[in-house]
Each structure stands twice: as structure tokens, then as C-alpha cells.
Amino acid sequence: MTVILPLLFLLAAGSGTAVVLIRDPARQIFAIAVNGLVLAILFDALQAPDVALSELAVGSAAVPLLFLVALMAVRNQPPEEKS
Amino acid sequence: MSMLPYAVAAWLFGIGLYGIATSRNFIHLVGCLGICQSATYVLLLGLGYRWGSIAPIFYDHPPGTPAVDPVMQALVLTDIVVGATLTALLLVLTIQAYKRGGSLDPEILRPMRPGGQPDRGASRADDGERTAP
Amino acid sequence: MTASAAALLPLPVAIPLVVCAAMLATAHLLPGRLPDILATLAALAVAVLCAVIARHAAEHPLVYWFGGWEPHDGVHLGIGFSVDEASGWVAAFIGLLYAVTFVFAWGFFGRTHGHFHILMLLFLAAMVGFCFTRDMFNLFVWFEVMSVAAFALTAYHLEESALSGAINFTVINSLAGFLMLGGIGLIYARTGTLDFEGIAAAVARSGRDPVVAGAFCLVAAALMIKGAIVPFQFWLADAHAVAPSPVSVIFSGSMVSLGLFGLAKLSAVVFGGSDQLRHALPLLLTALGGGTALLGGWMALLQRHLKRMLAFSTISHAGIMLTGIGALSADGTGGMLVYLVGHGLVKGALFMVAGILLATRASIDEIALRGLGRGIGPAGIAMALAGLLLCGLPIGVLDQGTRLVQGALAQQGRGMALAAGAIGAALTGAAVLRAAGRIFLGLGPDPGDEAGAPSADEREKANRPLWLMLAPCCVLLALDVALPADLIEHAVPRAASAFLHRPAVAALAEGPAWLPWTSLTAALAGAGYGLFRRRLPALVVRPVSVTQSAPTRALEVLHSGLIGDYAAWLAVGVAVIAVVLGLA
Amino acid sequence: MSPRLRVALLALSGLALLPGAAAVIAGLPPFGATIAQYGERINAIAPDARHVANMVSAINFDLRGLDTLGEEFMLLAAITGTVVLLRGHRGEGNSGRAMRRAGRALIPRSEAVVLACRIAGPLTAVFGLYVVVHATVTPGGGFQGGVILASATLLIYLGEGYAGWRDAVRSHWLDALEGGGALLFALCGLGPMLMGAAFMQNVLPLGTFRDLFSGGLMLIENLGVALAVTGGFTQLFLEFMEETRATDEPEEPGEESA
């Protein structure tokens, strides 16, 4: 446990940094999902299963899905004529 | 190790803020805001942890076994809901802003451009626009 | 008697919540005007309940423990509400402001199945909860509910500038929420409790402690972001200028000042025991407040978009309120609380005038509207009166608050803050009076620097008769002017001391009587200069335009509307607070 | 401000904050050393006082139930806001029926996808229900279960296509579900007041420790949260999906939720 926790913390910092540095939204979505997953594992290791389950459902599934949908909406709908 | 979680939390907030400050795409920016928020998760759960304790669920272990702080976990649960709601709202705003403004770049989508002239105002205000740039 | 009054405490929060949940559950069944009626009644009920609670809280604060979890052996297990007289009256004022706003917006939000009333009622419940709670995390929850409702309401117009204004607002205020939560985590880890009293006791025991200072820094930054204090003020102009006018009434009238209300409560009650903070706060708060008052006033004078002008004027007045808090005395805080109510009444009325112009004249641009207000004289009178009140016309609630704040500052020898507040008030008053003169009298055909300011084409539905919009506006102004002064004079010393958890004082100091008159004169002079500059000799006009052009342009560049800039300024602000606290 | 200036400003304030942050971190208890008195106290008394095994649920639904009430209404505010902002643009009239973009053909789904979704959908739903009802004994609760249930309805979208989804899920039912759940929660607060107890006081029989039906009023509150979250998140997905109907096929989402 004493090795795993620091590793997970560092992984969380790394995946968070990746989300910021990947500037293309399409690829950023994967980073967001991975970051959610890493956080969920970290929370489980911190003895917070309730939080881990929420983060798994929200952070690594629902939120990336919303991002995906937003991206598709933006890609597929050319902006309307401005009045 | 004893400082690592707090340092990670500070780093996540800082890097998220850096992302927001430099982002040229609103969808990317919303992702960065999520990173700022994950800093609070890490900080709170880090503060509520204790070595050698079980999760605060006394199903397999009898009550009285040392457990980690359940209050922090309850706080983070609320925080996760906050995060989900904010992300959804911001993405909606972004989609709509894209439809109106035709861009996702904060530099292009500004709330009000300096010297913006109302279309109908020009004719009404006889000499109102004279000094406008 | 007080025991039964304490049992009322959950109701002002629960009633709007129940009404809005029921409205959502039956959204598609509700007939046309029912949401308007229900929402107005709910807001009135909140106002009345809060007034009753406030009256009962006059003797000593009412306390209520949710779920029956009363503190046990000094450990606070559940969440409590604790209402002193001042908090009760502030909540009652907010309920009233909502009720009046619902009348003002009658039918305005018609097409969305009551969804807007749902959001507004949630907003109201969150504000009342924010005033009443005595639990750190609960405070955060209401802070966030308030924010989320506000974000959605801002973008109602779905126009480009409304949307990007709303995005800026959302991002900055979300960051505020995260900072606050971080601060709460720190203080909880240090003190082991979330209850205000519990934290206060632990803070008083702890002595000089970087964790306490760090927690205060984060929480204070969050509340100053809500309260639009320099350098966190940028979001406000973007959001208030684009929100629908009824929403702006609420934003300027109560949301911004509530952030400062929270700051006053926390710095006096929760963190008051820390010597380090007691030393650092007066300088920090009066300096930031003074700067905010000046910058807001100056920017207000440079605007042509009426709602944006009022937004900057709100920033300026928020600065004055902050100087009141900075005095850390019963006079200053009492003055700030009175000022909060007075400012809410006057600013609410002004945003209603802006809404009337948007609805009946289909524009919000001061220069485009020149002379177009002639048909709606009463609105012009209301606007002029509100402008005079803003800059210090010595009648009414706002003036009483101003004099108390000035008294506290004068007593502590903070001349700079005193002057900054007076000048800021004069500048915003000048801006409003200039706009009133130009719109309703057709004066000032030759605009100065304000012509280069941002503006946008905007209008609102004209689906309400003029009197329906004008009546709420007049009610607000009448309340400000006609509330009996001696009643407030009598109640404030007691209420302010109870708010600060200090022994009661007999009377409060008031500022010099000539100061409001000076502000008023300066405002009239400023407005006159703006309107009649063409008739003034070049000897006067030229130096003024030369000296004000450069700083004016610099200020406009700073308010760029770019979220990246705002994030950078946010970091600067947090750093400033941290450095000042660290050096103390 | 130019981007470079902005980053410089940010770095400068970061530097200014560094000593403060270091002092705060040094002043905090070392990681894993101790927990706060409040949490310790709750761990000690709540199993006895409320007969529940999951302390986090005990806090969320009982000790600090007001926070969860606020949180639920925050969700309600966000989803109402989302609906208003997205519909305000489309117009409300056509939200009840599937509309199709002109010039876009219906794309037939492969048998395998339909089959997989028809199997995974109900399984996810069952798992969601499991998480909801076991709130007081094992990890999970109304919120987590509600999100999973909403993902199950999303799987219907993947399996049956948009029209099928729209037939299965109607917008005003979701409003009713969401509002009704929140109302149920709020009434759980007011109900005990009518009986002379405090707001949200746990006045129902508490049940046996480690039993599915333990915790009294918490169970009803949990149900309210589950209803509100299921309705709310489904509504959210629905409104977002409406924005993308120019697309062919959303990629694989929803899998991780199980």
C-alpha cells in the first residue's frame, strides 16, 4: 500500500497535466476519461469506495460522454447565419 | 510522501489554471476546469485518510474498527455532483456560443467588443457615433 | 415564544424548494400565469417569515439543528442554522426583492413552462440558506446552488455576447467555488469541525497558524470573487450587462452584496479569533475596497451600455461595502449591512429602469437613446432620483449606511478609504445622472469618451404594460426613501453587535455631514460636464480630455472579456491576499 | 493582454504564492497521520444511532442531509438550465417527437450492436437498481445508482436508435421524475416537522443493522435522490443527444459505467 498510493497520486497529477496539455479536444476526451479512471482507482485506494463509484460513473463515463456529444454537435452543425 | 497529496492538489489547481489562461478552445477550457476541480477531490480525500484504516462501511468489519474520515467523503460526493453540473452547463453554453459566434476561440467570442455600435442606434443618434473609433 | 420562532427557521429555505420541485414535476400541466403567481407568493412568504424570524432574533440569535442533531459534548454533529437579527432582516429584504422582481417580470418568462421561476426560486432558497447557515460546508453548498442558478439565468437571451458573458461568469465563479472548498478542507483538517462556533473556538486557541491563514485566504478570495472586488471584478460587468434585466436586478441587488455579507460574517465570527488576521484585515480590506470603489466608479462613467454602466457602479459600491467590513467594528459592519439593503433597493430600481427602456424603447445604449425617453417621464424621474441617492443625497436607507461606513472609517483614521468611497459614489452617481439627462431630457449631443465604450444591440419583449414595470421600481425607491430612519438607528447598534458576536454598543458613530453633500455636488458637476461639454470653454475641456484619455483606454483594454486574462488576474488576487496575510 | 504577458503574470503570482503554499502544507498534519474529530465521532456513534453500516450514506442522508438536499436542487437547477438553454433555441414545440434532419438517411445498425445493447441495457439497469437499494449497507446510493440507471437508458439509444429512444423516454415524464424525486426529498424534511420533530429528523423505525431495510427515513430520501438523478441525467443525455442528430453513430460510450 505504501508504494501504490504515492504512485497513484503521481499518476493523477500526470493524467491531469495531460488533460491540460493535449490541446485538441478530440484527443483530450480520452485523457479526460483516463484521468477519471485514475482518480476512481486512487479514491478506492484511499478507502473511499462511495466516491470511487461516483467518480467512475460521472468522471469516466458521463462527463466524457457529454464532451463527446458537445464535440459532435460542434463539428456537425456549421454555425447559423449570423443575423 | 507525507506532503505528496497536498503538493499534487496544488499542482493540479495550478496546471488547470494555466490551461484556462492559455486555452484557445472552450471545450478544452472546460476540461481544464475539471482538472482544477479534481485538485479539490485530491486535497479533501488526502486530508481525510489515515494509514491502516478501513473504508467507513461497517459491513465486513464490526463497528469500532478504525476507519477513515467519512465526512470528507461525503463532501467530495457533493463536489462530484457540482462538477458534473458545471461541466454540463458549460458545454451547453459552449455549443450555443459556437452556433451564434461560429467559433470556439475565446479570443474571437468576446462578450462585448469595444466600440461596438448598435445597428439601429446609428441613425437615431444624430451625431452620436462621431467620436467612435 | 422564541422556541416556536426557532422552529420556523427551515421554512424560508424549504418553501421555495418545495414550490419549485412541484412546479417542475407538473411543468407541462401548469396553465399560463400560475408560475408567476406561485413564485410571487412564495417569495412574499419567504419575506414575511424572515421578518418574523428577525423580530424574534432581536433578543438573542435563534438556533436550529437539522435532523435533531444537537451538539453533544461540544461536538457539533449535524448542520445548524443560526440567525441573528441582521441576517434575518437581510434575508427578509432578499425575499422582498424577489417578490418585487417577480412582479416586474410578470409574463416575461412566459414561454418556458415556468422553468425560469424554478431557477429563480432555487436562487432565492440558496440565498436565504446562505444567510442563515452556521456550517462551513453548508455555506459552500448554498454558494454553489446560487452560482448554478445564476449561470443558467445569465444566458437566457441566447445571444452571442450573453453566451460568452455567461461562460466567463461560470468559469470564474466555478473557480471561486473550488477555492472555497479547498479552504474549507484546510480549516476542517485543522479544527476538526465544520460548525462556525466550533471553528471560531479552535481558531482562537491556535495562535499564529499558516493553515488557518491559508484557509481564510482561499475562502476570502472566493467570496471576493462573488463580491466583485478588484482584481476579481471582471466577470461582473460581462454577466450583469448581458443578463435579462429582472435577473440583473437580483444579481446587483443581492447576489454580489451577499458575497460580501458572507465575508463579513466569516471574518468576524469564524476567523475573528486569529490575531494574525485581525492585524492584516483592516489594511487589506480597506485598500482593496477603496481601489474597487474608484475603479468601478471610473469605469461606470466611461460606459454607454446602460446595464454595463450599472454593473460597474455595482462594483464601485461593493468596494464601499468592503471598506465598511474592513473597519472590523460594529459601526463599519452595521453600516455595511444597512448599505447592503439600501444599495439593493436603489440598484434594483435602476436595473428596472434599464429593463423598461429595453422593453419600451428597444435599446440599452445611452447615446442611441438620447431624447427617446421623453414619453416615459416617470421612469426618468425614478432614474434621476436613484442616481442622486447613489451619490449621496442625504435621505433614505442608503445614505444612512453610507454615513455609518464613513463614520467607522473616519474614527479609525482611514482617510484614503473614506475619500475613495466618496469619490467612487460621486462617479457612479455622475454616470447615472448623465445617462438620465441624455436619455430623458435629450441633453448632451456630443458624447465624450463613453462613445468608444463597448455596446451591443439588445431588446426585451414588450409584453407588459408600463405601469406594471414602473410600479415595482417605484416601490423599491419608496422603500429606500421612506423607511423610518430612527427605527434603523435604534436597531442597528444592537443588530451589528449581535452579528459580530460582541457586547452591544449604545450608539454608532456617523461620518461628517458635509461628505455626502460633497459627493453629491461632485456627481452633479461630473454629470454636467458630460452633458454640456460643448458649451464649456476649451480651457476646461481640453485638460480634462487629455488627462483622462490614456488611463481610460488602458482600463478598457484590461476589461478585455478574455477568460484567460481573468484567470491570470484571479491568480494575482489570491497572491495579493496571501502576501498581505503572510506579512502580517 | 498578450498570451505571453498573461502566462508571465500567472507565473509571477504562482511564485508569490509558493512560500505561502509551502507553509500551509508544512503546517498540515502529515498525510495519513490522523483524521478529524468530527469524522471519528460519527464513525463511533452512527452505527448505533442509525443502524446503518455505510457511514457516508448516514452523513449524506441523515447527519448532513441538508447538504444533500441542496446538492439535489443544484442538480435540478443545472438540468433545468440546460433544458432552457438548449430548448430556447430549438423551440419547445418539437421536443416531444423525433425530428429528422433533412437529407439524412437512416443508418441501419448492425445486428451485433443491437443485440449487445439489448443485453447490456437491462444488465446495467439491474446493476443500477442494486446500487440504489444497497445505499445503507454497501458503497453506492441514490446518486451513483441514478447515474448508472440513466446510462442504461442511454444504451437503449445505442440499441434502438433515436426514434426508439424517443418512444421509450418522454421529456415531460423525466421532468416529473426529476421534480417528483426532489419534492419527495424536500417533503422528507418537512414531514417530520408536522409530527413535531426537527426538519429531516429520522422518525421512522430504523430497522436492523446491516439489513437492506435499515436507516428509516434515509431509505425514502435515497429513493428521492435516485428518482431525481435518474430523471435528471436522462434528461441531460436526451437534450445533448438532440444536439447531435446530424451524426451517424456515437462511439462506444456507456460501457465503463457498468
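Worth pointing out:
When the chains are written out, they are named A, B, C and D in that same order, and each has its own residue count from 1.
Just so it is clear, contacts are C-beta pairs under 8 Å (C-beta built on N, C-alpha and C of every residue); 3 or more make two chains touch, one makes a residue touch a chain.
Here the structure is a predicted model, which means the values were calculated and not measured.
When the interfaces C-D and A-B are ranked by how many C-beta pairs touch across them, C-D comes first. Note: centroid distance subunit C to subunit D, computed from Cα atoms, is 32 Å. Subunit A and subunit B have CA centres that are 13 Å apart. Remark: subunit B and subunit D have CA centroids separated by 18 Å (rounded to whole angstrom).
Contacts with at least two other chains are made by residues 137, 141, 144, 148, 151-152, 155, 158, 160, 186, 188-189, 194, 560, 562, 564-565, 567-568, 571 of subunit C.
Within subunit A, the positions touching two or more other chains are listed as 49-51, 54, 58, 62, 66, 69-70, 73, 77, 82.
Residue positions of subunit B with contacts to 2 or more other chains are 1, 4-5, 17-18, 21-23, 39, 46-49, 53, 55-57, 67-68, 71-73, 77-78, 81-82, 84-86, 88-89, 91, 93-96, 99-101.
Pairs of chains meeting the touch criterion: A-B, A-D, B-C, B-D, C-D. By the touch rule above, subunit B contacts subunit C in their complex via residues 9, 13, 17, 20-23, 26, 29, 33, 36-37, 39-40, 43-44, 47, 71-72, 75, 78-79, 82, 85-86, 89-90, 93-94, 96-97, 100-101, 106-107, 109-122, 124-133.
Taken in their complex, subunit C has these residues touching subunit B: 137, 141, 144, 148, 151-152, 155, 158-161, 163-168, 170-171, 174-175, 177-178, 181-182, 184-186, 188-189, 194, 238, 241-242, 305, 308, 362-363, 365, 367-370, 372, 445-448, 451-458, 556, 560-565, 567-568, 570-571. Within the complex formed with subunit A, the residues of subunit D that make contact are 54, 56-57, 131, 139-141, 143-144, 147-148, 150-151, 154, 233, 236-237, 240-241, 243-244, 246-247, 250-251, 253-257. Those residues of subunit A that touch subunit B in the complex are listed here as 2, 5-6, 9-10, 12-13, 16-17, 19-21, 23-25, 28, 31-32, 35, 39, 42-43, 46-51, 54-55, 58-59, 62-63, 66-67, 69-71, 73-74, 77, 79-80, 82.
Against subunit D, in their complex, subunit A makes its touches with residues 33, 37, 49-54, 56-58, 60-62, 64-66, 68-70, 72-73, 76-77.
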